[in-house]
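Structures for review follow.
What follows is chain A paired twice: with chain B in the first complex and chain C in the second.
Right, the complex of A and B next:
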């Protein structure tokens, strides 16, 4: 009997404690994030939709059609169309397609990009009614100047130097390992491909042409205006 | 001050808006059917048929009131439950449809009504259709006698008053379990069947303490008539049945005399509690008060089990049976199950209010109000002025009846407080196991209710509650 009373007392106490907890909880501010109204605070390195940067200062497109992102992509969701410009003998970007339906947002493409052109933005609202609509072309991918400068600042990427300076930064490393002699001699006559790393470009269909890495400062200053489609 | 004051304010606002909506529409419907239509009919033509029609209109008023009340009230209670649970679990709850989520449940109701009505293969179509009706109709229309007590025995609702009101309500409210078992059986689904059978077991076990605790109150008031039970609790919370069912009447009267400086205060005390056997009297009063408080909580517990609220929601335990007896139901039949469940919760709360919490009576003793506001003259003056201003509405159009109005206001406050308490319990307690449920019902509640009943019988013999 006394055991029964003790148990009854104990259980009533427990129920009252539970009620008290609930009552105290009802005075707390809700933890709900009202998502569509208030965006969650995303870190700058959040891996959202892929996009292509332009130079925040000059508004020139940063992509150099090196196809490294296309090669590194595990899903093979990047498709780059480029052609060789007859005047300058340099690769010119025609179209850049990313199938976001295939993309798994691993961010490998952004890591290999030599010019910090392709980046993960903080945008993640890409729902659409068809799979075809998830394939973004260059028009949808390229950011505006303002957005680019925002992401350059947020991700703390060093601002790209004007076009001539950029290949210079990579040129001393790359050609020096590969063929420093050739680059000097066959700089202008042979077609120039603005590739950062010669080791990878060798695997392309035309090894003879790609070997001839030519990125002297002089050639690039000439072709700067033609090489970039700024959209 | 409070961290969550914004949410609490929204919750209060939502409650007030919906309550105004519910009782405004019920009031309007009652006025039209009970007063306006008969008056117009009588004025239009003065023959016997029209007089008969007018009378029929008046007799239909309680039914119309119930029919208007049930759907709106169910919507409101679902919303309060969801918002209340959100409050308790530190969430926000539905706040998208309409201003601040006010119309969420209205939208849900419309959606449910337009959904496809599926009868599963192998189901017994006839019983399957009958089950929601049997679940819905008896308990809700059986509760009509409550209307007389809720409205303070208004003329229009006086016909609903039965001499054996509470007996009739209890009898009617034990029918729905047949509907649940029927639905579970007819669904041709294991989960539904188990849910239905559990419901039967539960309802049978918990009806006994429920009825015994109500019988205790009926015994104390020597009446089965809800209006009479309600009217015996007038004059402050000391007269409520939850505090001894009249055992403290003498105390109430004594305090009244004391505060007013009346000379016969001690005589009153003597008349109620004879001093020649004061030890016995004190024991009896204490026994009565404790017993009735226990009876109240026993009633609440058993009522929760009767209407399948959460600590006892085994018939529709989502984690074990998909949704219990209503797994296979969709569309309007499911809506009826849903409606009946929430209306039943309201009905058991209002029974608790009428039987234990003084029905529509003011909880603050009248003498206390008089004493506190003795020197504040402007409040009675304002009330008088308002009454004067509204007198054409009261006396000529019969739009407002002050007695009914205050009675309903207090009923609303008390009943929805109990509903809110049920939501609070839902946010607090986990579900019983079926063996714990049976154990608690048969080995704890039934002996306790019998004990309370006997204590009340003996204690009532000692003190005189009927001076």
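Right, the complex of A and C next:
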């Protein structure tokens, strides 16, 4: 009988001890973050959406079309279209497509990039209404000068060395629009130019817009790549 | 409780019941085919393979550099350990030197990962027992802090890709070490909190004491490793019995189960292990040397010499082995994983037979099986 009593006393004491801990807890500041309202502080090396840097000083596109990222990608989600320019005999980037639906965000492409062009940004809100919209082309991938300088500073990447001399005028942000126009001038690329503009602002999730703009962009790039192959 | 049921003379037909693969308490997709006599389990057949992702085959079809990014998926709760096992096996073949700072960083992140893995186990185990304490509440608060630290050093919360062949990927900043110190300073108090709520709680004691007794000989026969076998009182921890890395230089103890190896012993073992890991993190921080972090250049065409290598390390679930055959190219010729969860799961039927159905989850939770680790 006394054994039962001591056991009961002990049990009640233990339960009360647990309850006290819980009660003290309810007075503490909540540790949960209410995500859509307060964004979590992300470290600079967070592996989010992939993007392409421009030179923070000169606004030149940093990609040299070496295709190392394309080769190292375990998911084969990067597709680079480039051609050899007849004048300078150098590789010129035409298009850079990343299928974020396939990407597993391992960050290997960013490690092998010799010019620190492709980086993981802190952006992770990429939800969209169609699979096609997850295929980002060069316009959607390229960061602005301000964003690039932010990531260069945050990730502590050394700034790219200035080129010794400039044989030709510095390439604009998206050579895809500037260059292939001379081969086949059709109305299509001009159309996408105007339509793709809103996509540059980083995370505007407007379903209706993205849907309509995704389709012409794809057909456009398709024709371009076939053009390139036929060359 | 079970004895009461067995002494009644009620005759019932045996019934076959499928538990899982979509059962919330089976920690993934395990299917248990139970043959029940009333409430008593007469026969158990675990059906595995629902999560098979051909990890070994994928490793043989990717370059070593690419496969390193995928290893964390073998056991997603202890990605650092799977990376470490693979790196050890490859370094054994290649014979490259690992700088001391990389060694200490490896031990540091591994012990942090051990704590985070045990914390998730604690949460899910108590959910299995029916307590609201677990899953989203107390242990997950500390786990979030650890995952934030991992995110800062490796880039992601669970798919780290941090430990590489030859060293580690990134040298953390001094501010990161300060954050780890802050965590280790307050963590023992947090464990005290869990223990105040759970350890001596009469309901938890009723559900765990004397339930699922894992006999020493049975445990050894089945090749059970990790805290499950240490709960039975067998001192088998590779960090002590076959030391690797810098563990011989560190001072720690192996907690053992005090009773006969029941569910409560395995629970206690893990709680004490978390305290030891916390202690180890502090030691690593104190002894952290300066210098290089990788003895091998991390390039896309990473190659190792031809040969065979096997490494075994102590993961939170037990002995994790990795066997690699390399023919000198940038791909491995053969990769083989020895997963602790797979071997620990084998002992489940012998623990469950003769127990009521309500004990299944208590016993299953206590041996800490991660299904991706079983199926890989």
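Definition applied: the second predicted complex is superposed on the first by the 162 of 231 C-alpha atoms of A that agree within 3 Å, B and C clash if a C-alpha of one lies under 4 Å from a C-alpha of the other, contacts with A are read in each partner's own complex, and residues count from 1 in each chain.
As a convention for this text, contacts are C-beta pairs under 8 Å (C-beta built on N, C-alpha and C of every residue); 3 or more make two chains touch, one makes a residue touch a chain.
The shown structure was predicted, so the numbers you read here are calculated from the model rather than taken from an experiment.
S.K.: Mind checking the superposed model to see whether chain B and chain C fit together on chain A or clash?
M.R.: Aligned through their shared chain, the two binders fit side by side on chain A.
S.K.: Going by the contact rule set out at the top, does A:106 touch chain B (first), chain C (second), both, or neither?
M.R.: second
S.K.: Where does A:146 make contact in the superposed view: on chain B (first), on chain C (second), on both, or on neither?
M.R.: neither
S.K.: Could you say whether A:27 touches chain B, chain C, both of them, or neither, answering first, second, both or neither?
M.R.: first
S.K.: In the superposed arrangement, which partner chain does A:15 touch: chain B (first), chain C (second), both, or neither?
M.R.: Touch status of A:15: both partners.
S.K.: If you tally the residues of chain A touched by each partner, is the higher count for chain B or for chain C?
M.R.: It is C that touches the greater number of chain A residues.
S.K.: Closest pair of CA atoms, one in chain B and one in chain C, after superposing: how far apart in Å?
M.R.: 5 Å.
S.K.: For chain A, what residues appear in both contact lists, the one with chain B and the one with chain C?
M.R.: 15, 18, 21-22, 25, 31
S.K.: With touch defined as at the start, can you tell me which chain B residues reach chain A in the complex?
M.R.: 2-4, 7-8, 86-92, 424-425, 427-429, 444
S.K.: Contact residues on chain A for chain B in the complex?
M.R.: These residues of chain A touch chain B: 8, 15, 18-19, 21-23, 25-32, 34.
S.K.: Using the touch rule from the top, collect the residues of chain C that touch chain A in their complex.
M.R.: Going by the criterion above, the answer is residues 62, 65-67, 69-70, 138, 141, 144, 151-156, 159, 161, 170, 193, 196-198, 200-202, 298-300.
S.K.: Inside the complex, what are the residues of chain A that reach chain C?
M.R.: Interface residues on the chain A side: 11, 14-15, 17-18, 20-22, 25, 31, 42-43, 45-47, 68, 71-72, 74, 104-108, 111-112, 120.
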